[in-house]
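Chain IDs A, B, C and D follow the sequence of writing; residue 1 opens each chain.
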Amino acid sequence: MKERKGLIIGSVILLIIFIGMLIKGEPSKSILVWIAALLTLFIYSFLYRDNIFYKFAEHLFVGVSVGYGISVYWQNAFIRKVFDPLFITKTYIVDGQFHLWPLLAIVIPTLMGLLMLSIFTKKQAWLIRIPIAFVVGMSAGISVPSTFQAYIFEHTKNTLYITLSISSFIMIVGVITTLVYFFFSKEHKGLLGKTANIGIWFIMIAFGASFGYTVMARISLLIGRMNFLLYDWLGVIK
Amino acid sequence: MRRKIPLTIAFVFGIVMIIQFFIPHPVSRDFYQTMLDWRIIVIAFTYILAVSSLIRIHINKVRRKKTGWGFSYVTLISLTVTAVVGVIGGCFQPTQITTWLIEHFNWQIEQRTVLMVIFTYIQIPMGATMFSLLAFFIASAAFRAFKARNLTAIILLLTAFVVMLGRVPIGELITKRLPEVLQLQNIVEWILNYPNMAAQRGILMGVGLGMMATALKIILGIERGYLGGGD
Amino acid sequence: MGFWEKVMRLDRRWVFFLIALAVLIPFLKPLRLPISVTKPVKDIFDEVEKVPPEGPPLLIGTDYAPSTAPELDPMLYALLRHCFATKRRVMLVALYPQGAGMAQAGLDNVLPEFPEVKSGMDYVFLGYQPGIGSVILQMGEEIRRVFPTDAYGVSLDSLPMMEYIHNYDDIAFMMDLSGSSVPMLWVMYAGARYEQRIGVGTTAVSAAQYYPFLNTGQFKGMLGGLKGAAEYEKLIKKKGYTEARKVATIGMDAQSIAHLVILFLIIIGNIAFFASKSHRKKTKLTSG
Amino acid sequence: MTDRLIFDRINRWIIWERIFVRNRAFKAIFLIFLFLFPYLIFAQEGMEEAEQNTLAPPDTIAEILSPTEIKASDTPNDAGENITVQWKSPEDEVGVIVGYEIFRSEEKETGFEITGFVGKATEEFKNRTQDGVEYYYKVRTKTKDAKFSPFSEVSLVAVSRPQFFHTGRINVLVAVLVFVSLLMFFVSTAKKGKSLFIRRIAGLDALDEAVGRATEMGKPILYVPGLSSMSDVATIASINILGPVAKKVAEYESTILVPNRDPIVMTVARQVVKESFLEAGKPDAFNEDMVFFLTDSQFGYAAAVDGIMVREKPATNLFLGMFWAESLILAETGNMTGAIQIAGTDAVAQLPFFVTACDYTIIGEELYAASAYLSRTPVLVGSLKAQDMGKAVLIIIMIAMFLLAIVNAVFFIATDTGNAFLSRIISFFQGLFKV
């Protein structure tokens, strides 16, 4: 309970600092900047606890972003990829001649898309599997060769440039032991277990390093927001 | 029937897309482009399902007066307003209506469309603020988790500590007098370039194999989890 | 419950509070922590110093978006101030649509300090053109072919500064500010094909991937994150070029303090961990 | 009915499986590929050498400042409509050259028109052409004071055409085929009933316990299937785990909350959860609104899931799939509410945050092993074996290369040049993984 009192006092101090700056500084005259600033503060209030301000901001965020998504899909998919080629530019008519394939290239995916709506029926709901299978199967097909290139070839190639140095030795040991850690079909006992253990150490080094490395970038995000609040909104700093 | 058709479709399109990768011919290139367009169109229709799911949940909340139902109005209203503004007023390019309004009422819109104004002053600041919460969370996670409980935890803690220290000017000052190899920023760079890179490569190679296996199992119809069980 | 156990169970909101203060205080009261200038930043500074006043310009690429602006804006401001204060000419170009807005914002911010600096005389803002690689390539032949006018619609031929500027041969140094891979395209096209001297300003996270290219000389220098920008601000301040608010130095203060707070928290956390562990052992012994 | 029976029944109709797996000929094909592998690579190397030999002999009477050795040929491995022109730039000690102008004609003697300009440090130009038309090229140097050198000699005739096979990707093709063969081989062995071992994966073992705990407490389970779309294989892996988890939840007639960012993932997840409830014999306990859509905005999604975590207070949070920067926002908030958290992702950059904020973390490839681990279906376990073989191959190549490098270095110290044969092997292996 005592601790909570301290926290409340702390939050009040922060609030007073902001109000003080609001009086002292030259706040922005743009209502849009005010909206952005208030929403920023609403979201920060979540750090203390869930409250009505955060709830408002969260629900607004969801609503606005879905509305934005609808607009973008409407424009980029329905208008540009279906409506325009079908009714306006008529890509399937070239020099007054009718071509079947360009028409099918619009109609087939549209029909497949419409099958998505079969979920609203009781009996034909299984039809939804067709567009899903298309998206999943095709995505899987695209990913197979490019995964080989990007994940396996690229990294193997870079590991294979070996020089006689401790660094190079550490590199190859690290890669091999990490790979060994991911062996699934053998129990991690004896030599395999020991190697896999070294692999875990390497993994932990990597996790620690990327954690420490990311801190700076995350803090600079907060600095960016602070700059917005103090400079663009309150105008207390020049 | 209910399984055969989808599995065949997944198989055919999967194999065709793999083959396509090896053919630089324009026919194959155009086909690839068409497939990507198809995917966009199909996903656009799925968006209808998604939005209807969201709307139904919030309408249900309002109807059943579940806790916090008042906020569902916020979502529903802001969704409708933004969508109407975007569809009628234009997304990135203003439609004729917007142009007329701008001229008639002498508006000053820096972002060209009303939708982009909403995007710039509501969605972007809120997104950036959510993103910046990470500054707080990364601190509390470090405080809580980086404790020398056992050997692996010590390794994690020490590397994070050293790398973090090496990123601020004070870290450099501490080791300024040492030989160059032992200076903190050089040690940090070495950690990043060798042991860290080694583990990352190991993980990524494993991930690559896992992804390949999963993708191939889907194409070959061995893995059908994504279709749901049953017939 | 002893003190250390209390620390162990510290409410995480205290941590949030400390971080908020650590970032807020340097903004209100700059601390001016010591900053040592590193070689990549000094190299950039020297390259800009080599740009002859009233001669071939410095080309700045603003290829970033608002999300990386906290780190890259200070670099743009510092470079502009450096050039404007010493009568060096500047050309700005954006290969990202949002980059044009960032460049304009940078100009709006810096220009009031230099009332004598005029568009077309001392700087030219080319604006944005789509097609990153091909724009860079075509600029190597004739800038007017890609940018017939500047960002404000004025024909380049009518701008006095552009009279002798046609391609990379007439540009003294190129500085790309970006958190993405655009600098690599500048190196590949303008650097490798036209031998343009190029420097890069990037975020702290991307900096690591550019170090190898510094060693090979493909980049003549680098500003990495807020720290790089702060070092650059220190250099131009030392030369007495400007007295403007040092955005990056303040940001760097905030970043250093926040880093130290986190490091301090980790140390305290571990002391508490061991103290409460030994304490627990002791109580066990006495009770048993 | 056990999983295996269902599996066998629905397996029967697949034709290609019969061709590949049950047919003994497959094994023969597999062996042939193994032998073909080095041959294909060597063949490709040989081809490159042959191409170089047919090039025009160098011109000995180079004119001052004129480019020399001009050659034009169809750009390889492209979709046609492109010819690559190459030349050798002249000595330029004073630095007067600005660049090169490339001229093109459809006749050898006349009709040359300028078609492009490149900077001074370049010796190559890719020219957009019409397929099937014969082109001749010549190049001249442009100097700083806008003067030009005499033209180089005219190149041999060149015709552009599209290619039907990308020779630079032959190594990928071979690798894909070998991996498919391995996969088929182990899947078919597994089908014969040979039981295969899987090592313990702590995070997946904990899944059961975590689900059980939540149901005991009468609280819902939060399942986040990642923030990516279905085209990310990690999402598919996550959906594969969702099945067994939802089944467990259904058995206890508890609630599962699956918020989604991608519409297709939402549709698929809903199907999977629905079927799982059906399989568990509790179709009535299923509610469509368990699987719902939030928003496709990354941080909007994070904000909303944070809201769910503090308001619905799920006892167990599962974050499985593809994550970006929002990973720590989700995991820290979940940690704040005191839920048991299990995370799994192949996004290496996000793993450290899950490790610090969650109780169990499924790292990288373990995520892809999950569906086999949870179901223990022989065919799926068999594919794990194929993954392991892939890793073994990579490890063997790396160890061999390391030993070779050491031996080569010894040679290098002794003879100062290294061993030609060893160097050739090393560069051959490095070339194998050329992207």
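As a working rule, a residue touches a chain if its C-beta (ideal position, glycine included) is under 8 Å from a C-beta of that chain, and two chains touch if they have at least 3 such contacts.
These figures come from a predicted structure and were not determined experimentally.
Distances between chain centres, each the mean of the C-alpha atoms, put C farthest from chain A. Counting C-beta pairs in contact, the pair that comes out ahead of the other among B-D and B-C is B-D.
Centroids of chain B and chain D (each the mean of its C-alpha atoms) stand 18 Å apart.
One finds 25 Å separating the Cα centroids of chain B and chain C. In terms of their C-alpha centroids, the spacing between chain A and chain D amounts to 19 Å.
Mean C-alpha position of chain A lies 2 Å from that of chain B.
Looking at chain D, residues 169, 172-173, 176, 179, 229-231, 233, 236, 264, 267-268, 271, 294-297, 299-300, 303, 311, 348, 351, 353, 355-356, 363-365, 369, 384, 387, 391, 394 sit in touch with two or more other chains.
The set of chain A residues that touch two or more partner chains comprises 43, 46-47, 55, 57-58, 61-62, 64-66, 68-69, 116, 119, 129, 132, 135-136, 139-140, 142-145, 147-148, 150, 152, 156, 159, 172, 175-176, 179, 182, 203, 206-208, 210-211, 213-216, 219, 221-222, 224. Contacts with at least two other chains are made by residues 3, 7, 11, 18, 21-22, 39, 42-43, 46-47, 49, 51, 54, 68, 123-124, 126-128, 130-131, 133-136, 138, 140, 142, 144, 146, 156-157, 160-161, 164, 167, 192, 200, 203-207, 209, 211-212, 214-216, 218, 226-227 of chain B. Of all residues in chain D, only 169, 171-173, 175-176, 179, 196-199, 201, 229-233, 236, 264, 267-268, 271, 294-297, 299-300, 303-304, 306-307, 310-311, 348-349, 351-353, 355-356, 363-366, 369, 384-385, 387-388, 391, 394-395, 397-399, 401-402, 405-406, 409, 426, 429-430, 433-435 touch chain A in the complex they form.
The touching residues of chain A, when paired with chain C in their complex, are 3-4, 6-7, 10-11, 14, 17, 47-48, 213-217, 219-224, 226-227, 230, 236-238. Interface of chain C with chain B (complex): residues 10, 12, 15-16, 18-20, 23, 33-36, 66-67, 204, 208, 211, 227, 252, 255-256, 258-263, 265-266, 269-270, 273-274.
Residues of chain B that touch chain D in their complex: 3-4, 7, 11, 18, 21-26, 28-29, 39, 42-43, 46-47, 49-51, 53-54, 56-57, 60, 67-68, 123, 126-128, 130-131, 133-134, 137-138, 140-142, 144-146, 156, 200, 203-207, 209-218, 220-231. Interface residues of chain A facing chain D in the complex, by the touch rule stated above, are 43, 46, 49-50, 54-55, 57-58, 61-62, 64-66, 68-69, 116, 119, 128-129, 132, 135-136, 139-140, 142-145, 147-150, 152-154, 156-157, 159-164, 172, 175-176, 179-180, 182-188, 203, 206-208, 210-211, 214.
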